[in-house]
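Can you keep this structure in mind? I'll have questions shortly.
Just so it is clear, A, B, C and D label the chains in written order, and each chain counts residues from 1 on its own.
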Amino acid sequence: MLTRIVRTNAEKGHHVRNQTVKAAVLVAGALLLAACGTNKTEGGSNGGGTGSNAPQACDTSKGTLVVGVIAPLSGNLSALGLGIRNSVDLAVEQANEKCVVPGYKLKMQAEDDQATPQVGAQAATRLSSNPNVVGVVGTLNSSVAQSVQPILKGKNILQVSPANTTPSLTRGDDFKNAPKRQFETYFRVCATDDLQGGFAANYLVGKAGKKNIAIITDGKTYGEGLAAEFRKEAEKEGAKIVATAKVGENDSDFSGAINSIKGANPDAIYYGGEYPQAGPLSKQAKDLGLNVPLMGGDGLKDDKFIELGAKDGDLATSVGAPVEDLDTAKAYLDAYKAKKFKDDYSAYGGFAYDAANVVVVSLGKALAGGEWSDAKRADLIKAVQGYSAQGATGDVKFDQYGDSTNKLLTVYKVQGGKWATETTGTFGG
Amino acid sequence: MTATTAPVLAARDVSMVFGGLTALAEVSLELHEGQILGLIGPNGAGKTTFFNCLTGLYTPTKGSVTLRGDRLPSDPARVTVAGVARTFQNIRLFPSMTALENVLVGRHARMTQGPIASLFHGPAYRRGEADARRRSLELLEFVGLRGLDDELARNLPYGDQRRLEIARALATDPAVLLLDEPTAGMNPQETEAARQLIFAIRDTGVAVVVIEHDTKFIFSLCDHVSVLVQGRLLVQGTPEVVRGDPRVIEAYLGKPPEEVEAEVRQYAEEAAHSTGTAGTADPADSAEDLDTEGGSR
Amino acid sequence: MATLLQQLASGLVLGALIALIALGYTMVYGIIQLINFAHGEVFMVSIFAAAATYKWFIPESWENTWQIALPCMLVGAVLVAVVLAVLMERFAYRPLRNAPRLAPLITALGVSQMLKEIVRLNYPDAKSAINVPRAFIDEPIIITVPGGTVVLQATSVLLIAVSIVGAVILQLYVSRSRMGRAMRATAQDPDTAKLMGVNPNRTIVFTFALGGLLAAVAGVLYGIHLNTVDTEVGFLYGIFAFTAAVLGGVGSIKGAVIGGFIIGVVKTLGGQLLPGGTGYDVVWVFILLILVLVFRPQGLFGEPERVRA
Amino acid sequence: MTIPPGWPILGLGLLYIAIAVAVVLALRLLWQRSAKALADKPGMLRPIAIAGGVLAVLAALLPWVTFRFNDGPYPDLATLQFFDEPWGVTGFRLFVLLLGVVAIAAPFLPVPARRVERAIGLGLIALGLVNTIFPLISGGGFGAITAADGAFAFGGVATLVAGWVVATSAKAGPLEPLPHWNPKVPRLLAYAVLVVSYVVLLLVVAWMLDAGTDPDGNTNTYAGPIFLSLLSFLGAALGALHAFGFLGWLTALSERHRVFSIGVLVVCALALPFTDAGTDYWMTIAVNVGVYAATAIGLNIVVGLAGLLDLGYIAFLGIGAYIAANFSGAAASALHVELPFVLVAVIAAIVAGIFGAIVGSPTLRVRGDYLAIVTLAFGEIFRKAAQFNIGGMTGGANAIPNIPPINWFGRDFSAPLTIGSVRLPSGVLYYVLIMVLVALVMVIFANLKNSRIGRAWIAVREDEDAARAMGIKTGQVKILAFLIGAMLAGLAGAVFAHKTSTVAYNSFQFIESVTLLAAVILGGMGSIPGAVLGAALLLVLPEKLRDLQDWRLFFFGLALVVIMRFRPQGLMPDRHRRAELADEGADGVPIEELNVPDAPDGSTAQAVAR
């Protein structure tokens, strides 16, 4: 079709006149000249490499299959999104080297969702209209996941999220009392808000003995959900929520929020949000004379939290056992560093790596050397349901709702400008 | 001049005070059907302020303006609907609309199609639109812009823009037309054409009020002239009366009578030259009048 | 009581910052009636420039002496911001001076998107927030008031002082100096100003440069006060600053400063006292803005628009 | 004292910048010199154009990079080995070849050759830039296009030079007047031309959307540059067609046969799902384009016709979407009520309209840019209210997810559709629905614009005081503009909610309002096709630039700046605006445009065409 249109367009311009003949002769001459003049150099380089830099050749005769990624690659959440993309890239490349899916070469295709639902939907549709996409790792934001889930479900495409923490994504709105699986194509490797918030409350109220707690949230899905779950458990444990405040999601001056809770004399702050705000918030609270520990979820567990102003004594919960204790985690970190990515692996890199491994390993199992087709998607999902392995973030396994069964959580504390492990355990609910 | 009928437009004791500054003090005027009333006065005399009071742009601090006995509202849009149309001192056309569209906008007040009708373009709507279009084309022809209806207003020559503004004002079917310096910046030929146009408008039964700096133009045009000085009505009456009033000559014209006379004579000559038709007698006579008046002083 | 005073103080600090940025908006708007949406990004870039100066351009031995480090940061930020503002004027806005009124607005939005992305993609670690050093006296000032204490950072005091002094100097400059007269003349009627021997292009460039300078000063103060910056601050504070400029009456220097302070105080006190808490603090700012404009359409200190006839 | 690490980098950076500036200045000087030298030598056109064209043809056959890219067909054969088959050039090299051929041929044809050469020259430069810069970035530096591995890959450089030479040839003498073809042709011929043109347009659109997608559905790694190359080529082709007088003629034809061309256009739009672009993905984008286009047309009433700048318009779309979400029966909605979609759409439109009237009410007192900030404030208030779940209607931070798709007569709108043996992509029903909606909105806009109300809006835009003096109740008229505009946005919002299936507060940020405004301005204020084109461009362009990954938003900003720089009146300006801007040309357009005697009278080309 391409050539046809081009030719018709060009022909339109040609009114055959005497001069056209001249032009045609000239053109022909030019072409001939070009052909003759350069033919001599032919064969100067015979092929430009094999096109693959795999050290050991796997059988890739059956073609290429794609692992999709949907994450914010541009905009202000891109640090997290790029960490996810790079980690999936790493996992896919490792899978290629290890011939995890015999007969196929794997490829990563990352799509930007700009952290907005409708762009995420567009990204999901783009991936889902490609029959070679076997699974998608993503999204970062729960609100984007809501628009992506039904689209991928429509094509029966596997989705494994490294970072969605809203419980209702898997278990429905009444997730506590009447859990109901929402999408059988959807899994996640991270812990949900109800676990993390509850575990944080257990620690902060039960172990650290803070009874007057202020809650600050950033109004985003992650932060609000986490803080709500924290609050439920903290009040159950006997703590008093003495004040609440909200900050703008891109704010940097938190004096208004800090001053408004300062009068209530809290002995700890729980922050529902992420480190770019949490770091300065902690520092500004100290500056304004409110020198109490600030605690948050895995959105805070990043070295940049400390760099941005976290003070000693600040706390963060994170899923899984501490990284130092796991060989798989160390292997991941080393491999990531060896790849020399431009961007940091960020908070969800490890989860994304695990999620990608879930996809490729299950794929290898589901195919078992066979051919990929749409009919295999159900097998793939079955394989994921039965997946069990040690990942960079600990045990990766799924329950009947698609949630991670890895309920192990760790509290970290900032000490001497570094993260230190405070306690590890599970939250019973 | 005696009032033979009830006035169309009447201003009674109109005063306007801006933050302690009196711009108008108890100005009273009457305008009768078929009359052309001239309003003159030096800069800052309050002519435009008075105009704005008449058109509802300002609400007079004191006094009232009535149209055929009904008090005029203090909203320009409703004043226009009531039957008083105006032009502006510095032309205020809609520059990116065509001449025809400009006049059609003037027709707005006399059309009734609401948003629903505009949406569906039903038969009644189309009839109304066609009527408006016909009337607008008539008016364009009336002011001498025939064939220019598809031209953007901004692309018209200056004199045509003035005439288009008048056509737009006439499209509102006014009982009273207020012209704010209709000949400002015009050459003698254009001025004469404007004069003829205003006569023609008067002949259609519209009463006209004209503000002008150009006294000669006013004296040659109006049946009745009022002189505003420092917000007060100094003199009013026929051009002859006003022209002869020593206070006017002193306060407003501010120059010796001979000079005025010379100017008027020159104007008459130019006008005669430019048209070469009727109309020469009028200014010449006026000049003579002025001469005698001046002489008697 | 203490809480209210503390909120008031915080509001004034925020207001001072907004006021400094608003000055740039108001001057550019005053002279060419352009909502320079990219002004907020100039502010943002200057914070990054200050941070970069501190981190990479001054020797380590100077880093702990704020008397040296702060001026260095200021120089770096001002250089970058002024060059950026001038380039923007020259290559983005000047070609559009006679274009339809909204074309420069879209250009401004495009430019701000580009600036944001350039910084985000090229400045190390700028994909999320980065840290800016305090580079000033780090001892808080604690004032005892009935019912508690009010804590003020030294940087807060510096911010308020600089914004007020800066506005006064600017006001004097615009009303007294030759360039100031040229600016006012160009603002009122560029064609006539040209006839009077004023070079409108040079005056406009100068105005942009001055706006850039003020943005840079604001940027450095922001950096050392809040110690964090990300690429979104330009938009956020740009909106606040523009709101302040409009609230005070666009074109008025006094108005921009007072508008800035009002916004700062309303934001903090509104978050404290009004229903909805701190989440809705921005809403109160905007509601106030709407009310002011409805009842005083030209802003608090703007020239009332005369009814033309 | 050690030198801090920043200084050497800065020094290097400044050096690069200095070199770049020097090169640009030198080129500019050379350009001006040659332009001056050639100005009165029209005879030089042929030799220079031929030289440039031949060089372009050669360049197309030269290698472009020194190594083979990892995978994918970017320069399908990147090394020298392809000369077995000189006619087998494809992709962007085919474009270069074709442009080169036309550049050689043009001076011998009875066309305004200098205009054609200029368009081709610019197209060649764009092609060369895209396909040189991309390997530079992706291939790791200058090694990708200069000597390495023993091969010289100067195709890109040669194309740049060729483009420059061809563009220079256009400087030989003043540009010719634009040929004016008589649009008064027999009806049948006109219909045939229109049908063919629109079908070609449809195919070109489909081709552009599809560019960079492999036959098996995989997205090509090099889709970004492939698309940009196609864009450059189409730009040059359009420029040449315009120079030829064809585009002007086509426009005149379609204006003469308006009803017919609208009909053909609608049929073409509905035929899109049957082309290569008929994928789920492009259907989703097309529906979003439709939603934004309908909203942008609503905004066009407010901004384009009534001249009221609105910076918070996305709120109306949001209101419509939230209303629809609440009446959709979605589990998370507050009402748990499910109403038929048509009813919901009407409710959404009405509620949005009421809010529009409220937002518009300050216009009674507030004017100009002050109004802009008021509307911005309303937009932000709406977003905050949505984020904090005001009245329990918005789901707050958790949004309202899982909104069921529209379902008419048991047919699920998000499911694929099979007509006979043709399987249409899923979402195609939404596409049809939104196309009908956009067509409806366009009719509403057109009818209103050419009515008493529309004239009143334009009058208010042009001169509010004068409008009032003409008896227009400006307050009512302005609020009506907001009301109707907001209703259209609310209507679009109802579709948006169902199609996206989740309504979250962060879909309605300030940047979205900016996108809408940009759509209106890019397309041309007050112009109906303009708003649709603007919306399409602003949604499709970022999608096509997806493959630039991190840099896509940067390029988006750049595109806005560039379009405004060269076409401040928008791409398809309204007739009035077009005329208005033609007058302002004295300052608004590049110098070389000023010499163009565009007057249709007395030109030889006109005589030829007749």
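Everything below uses one rule, namely that a contact is a pair of C-beta atoms (placed from the backbone, for glycine too) under 8 Å apart; a residue touches a chain by one contact, two chains touch by 3 or more.
Worth saying up front: this structure is predicted, and the values here are computed from it rather than measured.
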Innermost chain, taking as reference the mean of every protein Cα atom displayed: D
Contact-richer chain pair [C-D vs B-D]: C-D
Chain whose average C-alpha position is farthest from subunit B's own: A
Whole-Å separation of chain centres (CA-atom averages), subunit A against subunit B: 74
Averaged-CA centre spacing for the pair subunit D and subunit C, given as whole angstrom: 34
Rounded Å distance between subunit B and subunit D, as computed from the means of their C-alpha atoms: 50
Centroid distance [mean C-alpha coordinates] between subunit C and subunit B, Å: 50
Per-residue multi-chain contacts in subunit C, two or more chains: 117, 235, 279, 282, 307, 309
Contacts with two or more other chains, residues of subunit A listed in rising order: 74, 78, 82, 219, 246
Residues of subunit D engaged with two or more neighbouring chains: 387-388, 465, 550, 553, 577
Subunit A to subunit D touching residues, read off their complex: 1-3, 5-6, 8-10, 12-15, 17, 19-20, 22-24, 26-27, 30-31, 33-35, 37-39, 41-49, 51-53, 64, 66, 73-75, 78, 82, 109-112, 115-118, 121-123, 125-126, 128-132, 142-143, 146-147, 149-151, 154, 166, 168, 172-173, 182, 219-221, 223-225, 246
In the complex with subunit A, residue positions of subunit C that touch it: 2-3, 6-7, 10-11, 13-14, 17, 117, 120, 125, 127-131, 140, 142, 148-149, 151, 153, 226-233, 235-236, 267-268, 271-272, 277-279, 281-282
Subunit A-touching residues of subunit D, taken from the complex the two chains share: 50, 53-54, 57-58, 61-62, 67-68, 70-71, 78-81, 83-84, 86, 90, 94-95, 98, 100-102, 104-106, 108-111, 116, 149-151, 200, 203-204, 207, 216-219, 237, 240-241, 244, 246, 276, 279-281, 283-285, 288, 331-332, 387-388, 396-399, 401-402, 414-415, 425-427, 496, 499-504, 506-507, 509, 543, 546, 549-550, 552-553
Subunit C partner contacts - residues on subunit A that touch it in the complex: 74, 76, 78-80, 82, 219, 244-248, 250-253, 255-257, 259-260, 262-263, 275-277, 279-280, 283-284, 287-289, 304, 307-309, 343-344
Touching residues on subunit D, where the partner in the complex is subunit C: 1-7, 9-10, 303, 309, 362, 365-367, 369-370, 372-374, 376-378, 380-381, 384-385, 387-388, 465, 510, 514, 517-518, 521-522, 525, 550-551, 553-554, 556-561, 564-565, 568-569, 577, 581, 584, 586-588
